[in-house]
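Heads up, there are several structures right after this.
In what follows, subunit A forms one complex with subunit B and a second complex with subunit C.
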Partner chain A sequence: MEYLGLTLALFGAALASLLAGIGSAVGIGIAGESAAGVMTEDPDKFGSCLILQALPGTQGIYGLLIMFFALNKLGLLGGGEAALVTWNQGLQILASCMPVAFVGWYSAIWQGKTSAASIQMIAKKPEAMGKAIILPAMVETYAVLALLSSILMLMGVQLG
Partner chain B sequence: MSYMYAVARLRAMENRFLDAAFFTRLIECVTLEEALKSLGETVYGQWITGGATPFDKIIDAELIATCKDLEQFVPDKRLLDIYRMPYDFNNVKVILKSAFKAREGGERRHDLLSAMGAIDTETLVLAIEGEEYGFLPYGLSDAIPHAWSVWEQTKSARDAELVIDERLFAAMKKLAAALNIPGLVRWVEHRVDAENIGSALRLARINIDPATARGYFHKGGALSPDDVTRLMSEPFESWGKSLSHTSFGAIFDALQDRSDMQAVLCDVSKELSASLIVVLSSAHYKTEAPENVLLYLLQKDEEAKNLRIALVCVANGLNREFARRLLSHGR
Partner chain C sequence: MGVAELKKAELYYHKSVRSEVAKVLQESGVCQVVSASLPETVARAADWGEKLALYEEQVTHIRYLFRTLGSFFIDPISSFDRMLGERPVLSMADMAAMAATTDLGKISARVKDLEVALSETRVASSQHKVNKDLLLKLKDFPYSLSVVGDGTRSLKGVVGTLRQDQLDSLIEDLKPLAKETELFVCKGDDDAKASKTKSLWCVLMYAPSVEQRVLDTAVHASMSLVEAPAHITGSVSDELKILDAEIAKCDKKEAEILESLKKIAAETMPTAQKLSDYWNNMVERARAMLSSDTTESTLITHFWIPTESLPEFKKKIEAVSPDIALFDRAPIEGETPPTLMKNIDVVRPFEILTGLYSPPPYGETDPTPLLAPFFFAFFGICLGDAGYAIVMMAAMWLLFRKYKRVPKTTKDFIMIFAYGAVATLIYGVLTGSFFGDFIDAFFFMAPFRAVKNAIMIMDPMKDPMLVLGFSLVFGIVHLMFGLLVGAYDHFRHGNYADAIGDKISWFLFIVGLSLFGLGTAGALPGLLFDLSKVMSIVGAILVFWYAGREKTNIFSKIISGLLALYGATSYLGDILSYSRLLALGFGSAVIGMIINLLGGMASGIPAIGWLVAITVIVGGHMFGLIINVLGSFVHPLRLQYVEFFGKFYTGGGLAFKPLGLSSEYVDIAK
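Entry: the complex of A and B
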């Protein structure tokens, strides 16, 4: 029971990195399929396609960021001794990691789908690149809000 | 390959479609050489091997190349089969009619065979003339002997053709259902309806009795052969109202006030053909809808049809305005 708090906190950090990372991988994969289809016919669109394909990758970075935050909070970065964490505090850290884990996971997949649609849009109308970026960027808003939620909640957790 | 990849690739390929401005320029050409020169600047140019290449061959070569291209990346090749199936059945009809004529001492017309079908034309000729239909797909192994027996009883090539058409629609519907794509089943039904309505209009124009015409209508559409027969017994002006519950109603409403029946027939045929594209057009907004494959092929087919109209018009010095009216712009 001594390490239950730490385990719960690490579980939260792992989920933040894991789910957001999986979401980003799926999202980038979806957009990548679309980009490959367009580039087979028109290799000159590589630049535009790459930008749109990369958009769903940010959720994975947000997840990693929260994981670092959590590890830093637990004193596990820098080689020092781990902080003493009660099960209640561990649970608080786990809960703090959930917004970025789940919103990151789900939003990355949908952002990938929107990016894929935008890639198909620029295949026919290359001049609409600006609009094509805005559409998947709208999905990003909610991933950013989830990141902020996780950061604020983590900052609010008081370790003894 | 996934449909996400395939649809994205098709979107990029759509940029190569010939636009309305090109057709306007093409129709304005004075000579066929001039028109072929314009065509040479498009994607069709690769098939122009010399000044004497017949334009039909150029158009067919592009359509065949498109099918071969799509075969490489479309996840389910059966989607291409549903597009090519009417060409196969048309080839069967050509071979059968040639065989009927040959029996009566006439000439074979195998020059009318299309290379667009999925079944090799030579194989098809050998199978039908050698009466070895067993290996033929889409239920042709049953339909061909049936068509033969109908012809032997009635000596009517038209009646034998109806047997083949009936099997075509049944096979298309079966394949669409097997593919489990709801939009495709609706499209096949729409195609059957469009065929029946087109036939009804042509038969009504030559004053065929509705009861006699009943045998010319096919099953499998949203409208039953009886519905279409009833339609024939009504005056043309009320067809729009009678079909108002279907997507065909609007086509007839728009043509209600026209008095020139020849022009109406021409416009209805054009609109019915365009409606086959319109009925699938919602797939345009779906990034991974398999229907987009068929939609692309139909658009390419429409482009080929428009090219044939424009080039025949230029080659024969026909009325440009008439040719412009025949052009279809379903997409």
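Entry: the complex of A and C
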């Protein structure tokens, strides 16, 4: 049982990059379908479409970031000795990873849908690019807040 | 600073000088031509309509040429270079001369002929290939193919396919007609013979007298008939030779046509691109002038013009002819003049950000100079890395060194990022971030550590709460500034109640509460602490009073007031929204740290470790830079649009779009 803590912590780190990554993949996929549709009509919109498609991609990066942060905390990066983690501390790290894992997952999908709608918007009104970027960014706010929660929580966890 | 003053102008001139007038109007680039508010009995300038049709025809030719020849033309100027201003410099006069000597109609007619010939050749070639395929199936057929086409007087034939397992039954069925028929089965490939369900090619020949019976029998045996082309009448091998020759001929012809299209593309595309700019500008000119009013011999054009451009324009237009009269007046009630934002050079690039939201209505406050310093600071905090800032600056320096004629809007857009890079550098140095923790992560950077630590005033990684607090304070300042601007706007329009009840009240309430919060933590001197209590109470009373002021019933007054005070939660939400400044700054720092960590791990690989490490570090930081720049642009922008603008700005103006010379392929010399 001596590795239970480490396993729990790793489970959390895995969920952070896993769920947020899935969310971003789905979100970018949704936006990409819309972008491809618009570009069949007007290939010149590639630049704008690409930016809008990329917006739901940040959640995956936030998840990865938390995963690395946790791994770093556990001493699993850089080849040194792994930190000794009790099951209690392992659970704490698992809990810290939850905000970014779940909010990242869901917000990326919804951000993808909003991006897809924004892409349709610039198909008709290219001058509305500013508004088109802001709408998906409204969704991302919650992923940013979740990232912040996870970072602050991870920083707060004390490993003896 | 703010929104430029516009005048509504009316220009009266004689018909004979209309082209010259139109030219000056367009080339001065300061007049937004509008249709007049005169009664409709006044005729519109019909002859501009005729011209417009002529110009549009030219544009149609050019579009056709672009569409058809585009794939045959390798543009020597890449679209990236073109966007950054690498275009040939030509004046409208140069292009007019070019337009006079270039018959676009003739060129596009020629291209159209070639296009038709090309598709005809391709159709013919594919028909020949289909026939060849058929003949290859019948390649061991020993007789002349005239049998299966129209037939002869005593013999006819049909070609068809038959499943291997149906063959015996067909032969059986044909036995009663053995004298009048012959079934020839082509050898086909071995593969077909091996499988029972594969089909065989066969030719069924018969005397015309028994045609119907034979055909019925064939159909009964599930033979599916294939129509053989009537014009093929020789032996299979002869016909195959002919077909091969025909196909080769088609291929040659196709190659020739493609070659000539390529040649035409190389010759005409550069000209067509230049003329595209010319004719599109002429179309714009005619379209604008079409809204002029006309009498027998006079034309009247109405337009908006910035007051400060008026004297120079007057000089230019009066030089055209002495018989021109220009009247101008201020906008009157009921007119909606367009908005021309006008700011000092330092702030001007940020007009793009305001424009992306919505320009201010004429005569209202332009938020550009107000948002510029905040956007600048927020971008810096979000990206927050001196290394990334240096890369951005170097990239922009190289870009501006290579491209000297970057168009104004593109340049302005790049300048926003240039300012952002400056803020990023400042914040990065103050927080000791250089490509993440590059200086601390690698031993060879050790000499710089002392310098870094000496300048650094805080470390977000070690003290995130400090940066969070600082982000929220920044947020309060931003929001309160927005409220004060809103109050100022209300005062300016004489809405004193709105200014005090809706803006000042919240200002006092929120600032008071914030100070009170600091005071309870013991961070304020006593006097200020007392003041904070007074401010928040006065603010709350004002909010309460304003919300209920139009209600007559005392209970409704109280309920409205309490609901309004509950609105404080939305301010809480707004303020917390600024925590993204910390989060995004963290994001770039941690991504940078991870890349350095991975680079450091990679350097441990024997022999090629350093190479892998450099690749990981350079590639990783490039990726990090792009991702973080996008985030650092989008999120501060959101803070402007949602949190800041929400306090005072609604936009809704129409952008001033003067008739001017626009260009895509050339740089139009004035």
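Keep this in mind: the second predicted complex is superposed on the first by the 160 of 160 C-alpha atoms of A that agree within 3 Å, B and C clash if a C-alpha of one lies under 4 Å from a C-alpha of the other, contacts with A are read in each partner's own complex, and residues count from 1 in each chain.
Basically, contacts are C-beta pairs under 8 Å (C-beta built on N, C-alpha and C of every residue); 3 or more make two chains touch, one makes a residue touch a chain.
Keep in mind the model is a prediction, meaning the values are calculated, not measured.
Once the complexes are laid over each other on subunit A, subunit B and subunit C both fit without any clash.
By the touch criterion defined above, A:Ile30 lies against subunit B but remains apart from subunit C after alignment on the C-alpha atoms of chain A. In the superposed model, A:Leu52 lies in contact with neither subunit B nor subunit C. In the superposed three-chain arrangement, the CA centre of subunit A forms the vertex of an angle with the CA centres of subunit B and subunit C, and that angle is 50 degrees when rounded to a multiple of 10.
In the superposition on chain A, A:Leu65 makes contact with subunit C only, while subunit B stays out of contact range. By the touch criterion stated above, A:Lys113 is placed in contact with subunit B alone, subunit C being left untouched.
Once the two complexes are laid over each other on the shared chain, residue contacts for A:Ala123 go to subunit B alone; subunit C is not touched. Contact comparison for subunit A: of subunit B and subunit C, C touches the greater number of residues.
Look at A:Thr40: by the touch rule set out above, it reaches subunit B but stays clear of subunit C.
Judged by the touch definition given at the top, the superposed model places A:Val144 against subunit C, while subunit B stays out of reach.
The minimum CA-CA separation between subunit B and subunit C in the overlaid arrangement is 6 Å, rounded to the whole angstrom.
When both complexes are aligned on chain A by C-alpha atoms, no subunit A residue touches subunit B in the first and subunit C in the second. Residues of subunit A touching subunit B in their complex: 30, 33-38, 40-42, 45, 113, 116-117, 119-120, 123-124. Residues of subunit B that touch subunit A in their complex: 2, 4-15, 73, 287-288.
Across the complex, subunit C meets subunit A through its residues 353, 355-357, 464, 576-577, 579-580, 582-584, 586-587, 590-591, 593-594, 597, 600-601, 604, 627, 630-631, 634-635, 637-638, 641-642.
In the complex of the two chains, the subunit A residues touching subunit C come out as 51, 54-55, 57-58, 61-62, 64-65, 68-69, 72, 77-79, 129-131, 133-134, 137-138, 140-141, 144-145, 147-148, 151-152, 155.
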